[in-house]
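Chains: A, B, C and D, in written order; residue numbering restarts at 1 for each.
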Amino acid sequence: MKRIGLLTSGGDCQALNAAMRGVVKGLSENVDELEVYGFHNGYKGLIYGDYRLLTSRDFSGILTKGGTILGSSRQPFKLMRVPDENGLDKVEAMKQTYHKLNLNCLVILGGNGTQKTANLLREEGLNIIHLPKTIDNDIYGTDVTFGFQSAINIATDAIDCIHTTAASHNRVFIVEVMGHKVGWLTLYAGIAGGADIILLPEIPYDIKKVVEAIEKRSKAGKGFTILAVAEGAISKEDAKLSKKEYKNKVAERKFPSVSYEIADQIQKAGGTEVRVTVPGHTQRGGSPCPYDRVLCTRLGAAAAKAIMDEDYGCMIAMVNGETKRVPLKDVAGKLKMVEPDCQMIKEAKRIGISFGD
Amino acid sequence: MKRIGLLTSGGDCQALNAAMRGVVKGLSENVDELEVYGFHNGYKGLIYGDYRLLTSRDFSGILTKGGTILGSSRQPFKLMRVPDENGLDKVEAMKQTYHKLNLNCLVILGGNGTQKTANLLREEGLNIIHLPKTIDNDIYGTDVTFGFQSAINIATDAIDCIHTTAASHNRVFIVEVMGHKVGWLTLYAGIAGGADIILLPEIPYDIKKVVEAIEKRSKAGKGFTILAVAEGAISKEDAKLSKKEYKNKVAERKFPSVSYEIADQIQKAGGTEVRVTVPGHTQRGGSPCPYDRVLCTRLGAAAAKAIMDEDYGCMIAMVNGETKRVPLKDVAGKLKMVEPDCQMIKEAKRIGISFGD
Amino acid sequence: MKRIGLLTSGGDCQALNAAMRGVVKGLSENVDELEVYGFHNGYKGLIYGDYRLLTSRDFSGILTKGGTILGSSRQPFKLMRVPDENGLDKVEAMKQTYHKLNLNCLVILGGNGTQKTANLLREEGLNIIHLPKTIDNDIYGTDVTFGFQSAINIATDAIDCIHTTAASHNRVFIVEVMGHKVGWLTLYAGIAGGADIILLPEIPYDIKKVVEAIEKRSKAGKGFTILAVAEGAISKEDAKLSKKEYKNKVAERKFPSVSYEIADQIQKAGGTEVRVTVPGHTQRGGSPCPYDRVLCTRLGAAAAKAIMDEDYGCMIAMVNGETKRVPLKDVAGKLKMVEPDCQMIKEAKRIGISFGD
Amino acid sequence: MKRIGLLTSGGDCQALNAAMRGVVKGLSENVDELEVYGFHNGYKGLIYGDYRLLTSRDFSGILTKGGTILGSSRQPFKLMRVPDENGLDKVEAMKQTYHKLNLNCLVILGGNGTQKTANLLREEGLNIIHLPKTIDNDIYGTDVTFGFQSAINIATDAIDCIHTTAASHNRVFIVEVMGHKVGWLTLYAGIAGGADIILLPEIPYDIKKVVEAIEKRSKAGKGFTILAVAEGAISKEDAKLSKKEYKNKVAERKFPSVSYEIADQIQKAGGTEVRVTVPGHTQRGGSPCPYDRVLCTRLGAAAAKAIMDEDYGCMIAMVNGETKRVPLKDVAGKLKMVEPDCQMIKEAKRIGISFGD
């Protein structure tokens, strides 16, 4: 007999349902009795005891279903120790819910912030298993996170569509790709979409270099240029600012996002008209791609095994093609960023992609 | 022996290549000798004699290719009679190019503006055939234009993706769909995507009604609402302004587009947080859908027949499932808009979709 | 207060759920009280009283869901008057279920066979509304059926994939498209996919003409040829056989389907190696395309209106872009086939497509 | 100054063009002068001196294009040492073409058979770089081959489509997935598509176990079962036969492929009707998925670097997320098969997937 809890926290993404299906199928096929409690809207459901008992029917047909059947919400880690508006201690409340339901384990699906809270709950004595969910691919300790490949596909589709229209009109286009702190999604979608210039948070850009790259293409008779720009792309000057100074600067920016600002800079510097496309939240949505479905099924099945082995306090990671249990204490709080001189960046530069540096 | 010219003008869209392939295949299979001149970048190529002789190889494999192999540009009708910066009379220049090449016919692919210039050239004595291209579906005299269904598919994909993320987070989302003057694309994509509220240029909205519709859903336990908003959506108050007053108001708007303004209005009126997604030019791009490929192949083949019959001065339209030659003089300058009380709007309202009116 | 029944009968297809959602949303928004009974597995559920009461939750999120939430089965019309193995009179049983539930109307989604039984129930005094479902597009009295465009998309995808591989290897490929009696799906997918030869049930083929068309391409330096072949494609000789003779011949055929036989004939006649691909039931599956979702939403909303108007005994059709009530008695038992000399076939031939005739 | 040759050999797949683009872009951006010779139709072009000089224009826009711009053909390794019908020594002919063109390096894209010939040419003193192409993912020494993920996507799409129709009709369906010798594609597509039973060449099946798995689902109230079956799936009895005996048995089989035979066995053993779908060559076709485009761009860029470093005789592999040069002599002739007791199979079994063993 096993009693487990499930919750999905943070920005939603593809394959959350696929991962939960993996966990539950992996247990229900191998455990005599199983009770699964689904907490609604992330940690909120755990804090306020908002949950429902799930049956096998809930997990039927959800392998291909986007979003999360449990709902999600963002609950910042740094506020977890801060009592809520009614004075409720959130951490204590979560522990109470957990113990009240007499859970063997709580399976938490989420990104970096979620992982920090998961680790906190582990420190508080709860049995925790974390599954690495994020379209950003920035979780330390796993080669890949789920949602990432599905998001690449959507962002690449957008660049593909822009390609035909850019080529027809000889225009400069910016496609803004999700990613405030890390550039994995922009890097992969940019290469997959054949972008000419890729701007990442990890590699501050020099607008002159960007304009030069556009002009180099013009001179080579290529009438159009496509830029894949991460939400968190930053200029060399801005990268020198303190975090606070930069935050203020962004707040005062008259443009809704960095891409509009870069478009403005290019137009001023080079005279070229620039169009901006923002696929936005579509990058989190829709049915998970086959890659993510396989990944999640495996992570889920491996989580089920860890629960059967009563081996908790870990994230189930994918490392060199094998699922692996990685202690939460070793990875919580760490971020996996794009190294500016990594092999992949070098390869991209070798085929002529400019990073504006 | 036939000598024809081809040009694609205005904003690009899917299936331009498919349509040109249809014309050229239709002729080359049935005419002893054929010379096809492709003018570059729309009317510009005709004005400045910028063209190339095309061979059957140019038309191989382009059925599925987005964009236009000839390039396109916007050449406003109202400037056609205005000499260019060097004093060149554009209309005369186009006629000269046409006569110099001794063309039997010029096949022009484009939207409403393009059509007006096509009609002008007809009045000037050129043999013209027009093919109705636009993702807006607003060309009078044909049931459907090419590009429309492909654009619906892309806009619907965006709404589908937003659906899963909206449902997971119980959020209000706006998806901004292309269409400044007419709402066909928003209407179709909105219904296909299961949008709850659809705002069209033809049906001015009352922001109170919009907020009411959102609240009605909340009360019914549906935590999220999706709005499909046309670029040209307009409030009841703004609809009362003169064209000039409204233009000025838009120019001063602090938001990059109407959706951001509506999001702001909803937030102010109802307190709900609203997210905006702008698929933008992706709606014009990518491979044409099968529907558009069939449509364009048929229109192209019908254009070929008209050329063989030496029956010029017409648009090739699709009417009740049959291709048909419609005199350009009967349709040029007319716009096909969404009638606010048409059957389709009534049906949409019947299933509970709000148009904010 | 309205009490309605829903059933889906015959081969399943895309957008069945979308259509049912349209009916139920159209009613629930406009009727004070509504009870919806869903019969399981087509007429079987009506015969044996196998049904469930559906709630609005059943219709949430199913706009994009393939298949049918009610299940389906084939119940041949000609057996409807034949008692079942237990001596049960099926027609009487259906009437009893209908009356027992005190239904105002039974909404039946299905193809030609289903329609005949629907008309029979109408003759027996039941209030019937029929919605035209089939990937075959062969229902008389409506311009288009739902499922058709979605199936075109899937079959065209298959031809697109074959195109790249055929071109790489200079091979002759047959893609077998669904359609035993009518060729609409093959015709549309064939044109959309750029097939070189299209074989339809309505246009018997001469294998010599087929081989000639392949050789003509070879001589023109086009190394590959793609044939879109309907399941019911038939040779000129076989078309002369009586129905019974042909049936026997097919039964004895050593090939699993006609495409393998045609491949064999081509190889024998011309020496070319031919590969066969059979997408099969995938053509019925997956999420409905936006075109079908709009179509079904409109048909569903129009059905709701007919029920509110108490105007029964009709099929809801789409005619010239408008939904329309067509008396069942006028259309039941009629088939809409491809006319061999219709405009579309002529256009296809004009661009060089061979129909083997 | 570099002079390189390119050839694509064996069954075509997605991303061949993307890989060649990577090589050529990587060189042309970094080498003073570059001449690229493209050999037509695989080794045939090298043997018979059938090639063309390629320009940068040939590589523009081909990132997303399926198939191969060079054409391909199968030239069995074991026949390479056998003179052709005119007595020509193929190996000598290839060496002559290579030396006549004074190539610095020959880049060969292909699978296992291709690799063996590539290694032979290396032994004969030519500078060779091999890129691992195959939808089968069976090349030893690389974590993944290109074409594999794109093929997974297509096969999974097929299973997805079958899922909705199987569920609607409560039927047993077999989807036959490519792979005669190895089961990677079937394993991944089967898990991604949510197949209930997966039959691989590496895990001989017992038809009784297969039927039991179907019956277990029936008893659990799941009315349908989907089998993903590799082309090379084999029963336990047949696995005991000698290679020759099995070949003879297959040759005499009355079914066009193994799936039809398994369907027949299931029907005989369990009485259930089974439908078969064969996506066939579609699995090799269409546009490469973003995953493969990134993979190929990286492999291509890494090949360019190896050429600049004059480091030949290797395959460019992807190992633990990094591109790597693997000596051809270490890998040629080895096959990477699915280990029946590998982690992934265990995970699949844990969630209830049957492998019929």
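Definition applied: contacts are C-beta pairs under 8 Å (C-beta built on N, C-alpha and C of every residue); 3 or more make two chains touch, one makes a residue touch a chain.
Please read all numbers here as calculations on a predicted model, not as lab measurements.
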Shared interface partners, meaning chains that touch chain C and chain D: none
Relative to chain C, chain with the most remote C-alpha centre: A
Separation of chain A from chain D, taking each centre as the mean of its C-alpha atoms, in whole Å: 31
Chain centre separation in whole Å, for chain C relative to chain A (CA means): 42
Multi-partner residues of chain B (at least 2 other chains): 160, 163, 167
Chain-chain contacts as defined at top: A-B, A-D, B-C, C-D
Chain B contact footprint on chain A (complex, rising order): 8, 11-12, 14, 16, 41, 65-68, 71-73, 154, 157-158, 160-165, 167-170, 173, 223, 255-256, 260, 275-286
In the complex, chain A residues that touch chain D: 22, 25-26, 29-30, 61, 63-64, 143, 149, 152-153, 156, 160, 163, 167, 188-189, 191-194, 289-291, 293-294, 297-298, 300-302, 304-305, 320-323, 343-344, 347-348, 350-352
